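Shared between the two complexes below is chain A, which pairs with chain B and chain C, respectively.
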Partner chain A sequence: MEKFFIDHTEDTPRVELNQEENIYEISGKSLPENAIAFYLPIITWLKEYNRNHSESIIFDIRLDYFNTASAKQITKLLLVLQDLSETIDIKVRWFYLEEDTDILSSGLRFSRLIKVKIELIVLPD
Partner chain B sequence: MLKDNLNYIYRGLFTQNITDNILSLTESNLEKVGESSKIKKRVFTIMVEGLQNITRHQEIDGEDTLLNEAGLFLMQNKNDRYYITTGNPIYKKNISNLTEQINKINSLEPEELKQYYKQVLNDNIISDKGGAGLGLIEMARKSENNLVYDFVDLSDNYSYFYLNTEISQNITSQEIKPKTVKKDIDSLKTIKEIHKILNSENIVLIFNGIFNQESLLNLLSIMESQMMEHNLNLKKKVFNIMVEMLQNIVKHGAVNELTGENLGIFFIHQKDNSYFLNTGNYILKNEVEELARKINYVNSLSFDELNEFYEKSLFNFQIDSSKEAGLGLIELRLKTSKYLKYEISDHDDKHSFFVIQTYVE
Partner chain C sequence: MDLFTQLIKKTIKYFVISNLLLMNSFSCFSQTKKVPDEVQSQIDNYRTNAIKNRNVGDDNSAATYLNKIAFLYWEYFIYDKAVINFKEVLKINQNIGNKSGEKKVLENLAFVYSDMERFDKAIECFTQSHVFYENAGNKKDIAASLSNIALSYNNNGQARKAIKFAEKGLELSKSLNNIKLMRSFYGILHESYGKIGNKKKSTKYFVLYSSMDKHIQQKRFQEREKQNKAKISQITIEKDVAIHEKEVKEEELKYTQDTLEQRQLAIDLLNLENEAKEARIKVKEARIKAKEASLQAERILRYFLVVVFLVVSVFAYYVYRQMKMKKRANAELKILYNDIEKKNIQILDSINYASHIQEAILPVINSINKEIFNSFVFYKPKDIVSGDFYWFSKHEDEIFIAAIDCTGHGVPGAFMSMIGNTLLNEIVNERRIYNPAEVLTQLNEKVVFTLNQGKDQEGFSEDGMDITFCSYNKKDNQIKIALANHTACIFKNGERKIIEGDIFSIGGNIGDFNVEFTNHIINIDTKTTLYMYSDGYQDQFGGHKNKKYMVGKFINTITEMQKEDFSMHHEILEQELINWKGEQSQIDDILVIGLQFLPK
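For the complex of A and B:
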């Protein structure tokens, strides 16, 4: 599968999806004016994921901020991972700064609502 | 709609980052209103010099500067003119020197001012903080107008120095003309009144202008720097709420039919350890009822119900467009744990004006 890469900007995160190297990561801030447009290619990429290639995926989410519009698209993305988890072993690693109760509680919320293994990982401040 | 369509104020500590963002806020706004490149350049040069003056002189000798004595920057656009005003504390012993300098500059005609600039440059009189009055000459040259100034007593050693520059938006000829000397003497009087209100209400930032993603990012960055010394969670809360409130304007603000501009106002004031965030924008009359219903509903919910409603909305993909995720208002109430205070008033036959206030501690 073709690699997917976009660098971060002031209002969008860095995204790297690479099946060859087994790297799946979103990091940074997410507050685009149009969150749907930003997340659509990422969600599409995951939907077209070649299930025969990999046996497991570790998906890293290292967001230090996302707006509500992004929250909805992240929900969609996690639902795609939930679908994929029927055939592939999937683990989401949700990183948060120790002080950052916002990101921690969104991680907890998603781990409660999405049927994918979500591991919460604390980062030292 | 709003008469003065570009108007903003920042009051507080000026860091490099804040200065940069005030500049790019201006740049993108002047761009959006279609200002000529000549005027843009003039406004920009004057702003750079003025902001530099503030950053150089904002510290009061080792003491913690009170916010009332902190730097001030105002940009106003009215009657086809831009007014740029800076304020900062200065040593009283420097007043006579500064007054002399400005009066000299004001007494010169454009051609003489040019010569004077060269002379000062050559004399190479560099004060310990650099500049040596070149900035003031440059401001006077670019504005083609007198510099208006005033001093107000602060303490035994310090006064507050106001400097006001005016730039006409109508420049017809390329040639250097004699100064227009059509001073709006009252402009500084008004500004001193505004400053009093800013001080008594503890207003940090006012932005009255065009709302888009770009201005939102500049405003966010200014506030991030302004709140530097606060704890992460307060900073994040303010950041969070600002994004939701400002993106609400970007997405739902009624666009002026003539100019295509999405105008609104945003201001922040501080009380004790709380930040109050306020926005005002135009909305179409046919959207008023629905908006009021949504806010009233969100206000009627308990904290648990709010969380439940948030989660329900998160998975409600019926409401999922580039304009609307259906979460913003719930988030505002969740993050502030306060009722959302709002008011909707009639503006004209098509538009209403919507103001909302939130605060975080």
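For the complex of A and C:
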């Protein structure tokens, strides 16, 4: 699979999806003007993911802000991972700064809503 | 014959017979011999020629051939045949009157007879030839002839006759001062006087002979010396000449060399001239080249200037074109800008107008304030229109206040807010649903329905809203709060309570969850302050490290501001946000509602 890479901008996160090197990561801020358009290729890439290739995926989310529109797209993304987790061992690592209870609570909320193992990892300030 | 006689004889012969080639010591022996064959054939040849000449009448030539025959016989000691031939020559000479030849032949005959030792016959011949000498008158010849006669008489034993002729000849020789002849006569006289017994005279003449002979020898020696000297001098001269010639030749050579050198010099000079010429030419060429070079340089400079001019021109043209293009581009940009600005203005006008609509649906703060003890709404949309909005309604003793954060901001958020507003009006005002949890449940259903978010529906959208819905019953002195993906904060007697809402949103929910909401009931037994808010405030970036404000800090801020009078809270929140945000732009719509209730 071709690797997917978008560098971060002022209002969009850095996204790297690389099956060969087993790197799956979204990091930065996510407040795109059009959240659906921004997340569509990411979600498409994950939907077309070659299940035969990898035995396990560790998906890192290192967002320090996402707006409500992005939250909806992240939900959608996590649902795709939920589908994949039927055949592949998937773990989402949700990173949050120690004092950022917003991100923590978002992570908690997702871990309750979605049937994918979401590991909440605290980062020192 | 003694040795002395032989010597004299020899001397006489030497002197007289010049033609005789061979006169040897054997002449005294009369021998009869044959001539060798080749000599005989030559003799025969001469004789043939002699006969031929005689037949044609050339007696002179015939005599010559016969004479040659006579000499050949004489040479090979065949005297008789020599005599015969000489006699024939004599006869011919007598016939033709050749007196000189006759005289010579007579003499030769005399000598042949002498060799034959027939001195009487010799005397006869010498005497006959003498007549010719007497007639000719040459004293020296006469004297020589006399010596031959005298010697022959001496040899023939006729001493007195010999002395007579000898003395006569001596006198003649003395007159001629011919010492050689004198010596001959002295010898004959010495011998003849000796023969007749006159020793005195014989000795006298011997002495004279000896001295004369010595004198002759000396003279001969001197002569030879002279000849040698002459030869030497001649050789010297020749040598000198040779040297001279050599010198001359050397001179010539030198001259030639000099000439050559001169020529070489001339050539060199010529070469030099040529070189000079060449040098001049080169200088000229160099000058021409220099001139050419300078011309070239000028040309190059000219080219360079032309090139520079061209480059500058091109550059200038380029700049001009760029400027023109820029101008055009600027013009186009300006047009575009104007266009965009126009459109922007239109859009802004449109949005601004829309914002009036949105503002129109927003409740008037005063109407809220009328119903409760105190309140404020800190409402700060990110854009002109907002995804956040607040809603207010009243039914009898109950009032309903909601803080809503629709997904997205700006126009899409505003659309959602219009839906939310409409649906809330429908649920609460028309359907008279007053239970907050029930309101949210119905709201969710209606949003899902409105946005076709139902199961198996195409065009599923995740859009929706988070909401805090609060009902306040004045009669019951109680507030009920339901929260969809929201939190709220309550202060009672300085005590803070965070109300955690349900994790579900309104609309856009996922999974097979049964979306239900919970009511949080708070009794107003004391002064109670409720804060309802969207996440806009806490998500604002800013501060030293451009960090998110975060919920914790937000809760701290509203906790801290409890020390201040409620009327100050709006301003505090606003100031705090301004300080925090700094140069950063607002990240989302912000809504904070503060409500203060007092128990009845």
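We take it that the second predicted complex is superposed on the first by the 125 of 125 C-alpha atoms of A that agree within 3 Å, B and C clash if a C-alpha of one lies under 4 Å from a C-alpha of the other, contacts with A are read in each partner's own complex, and residues count from 1 in each chain.
By definition in this document, a contact is a pair of C-beta atoms (placed from the backbone, for glycine too) under 8 Å apart; a residue touches a chain by one contact, two chains touch by 3 or more.
Computed from a predicted structure; not experimentally measured.
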item	value
Clash or fit (per the criteria above) of chain B with chain C on chain A	clash
Which superposed partner A:E16 touches (first chain B, second chain C, both, neither)	neither
Partner chain in contact with A:D100 - chain B first, chain C second, else both or neither	both
First, second, both or neither for A:T75, with chain B first and chain C second	both
Which superposed partner A:A37 touches (first chain B, second chain C, both, neither)	first
Overlapping contact positions on chain A, where the chain C interface meets the chain B interface	31, 35-36, 65, 67-69, 71-72, 75-76, 99-102, 109, 113
In the complex, chain C residues that touch chain A	387, 405-409, 412, 462-464, 466, 485, 503, 508, 510-511, 513, 535, 538-539, 541, 547-548, 550-553, 587-588
Residue numbers on chain A that touch chain B, as the complex places them	10-11, 31-37, 65, 67-69, 71-72, 75-76, 97, 99-102, 109, 113, 125
Contact set on chain A toward chain C in their complex	29, 31, 35-36, 64-65, 67-69, 71-73, 75-76, 79, 99-102, 105, 109, 112-115
Chain A-facing residues of chain B, complex	212-213, 217, 231-233, 236, 239-240, 243-244, 247, 250-251, 311, 314-315, 317, 320-322, 325-328, 330-331
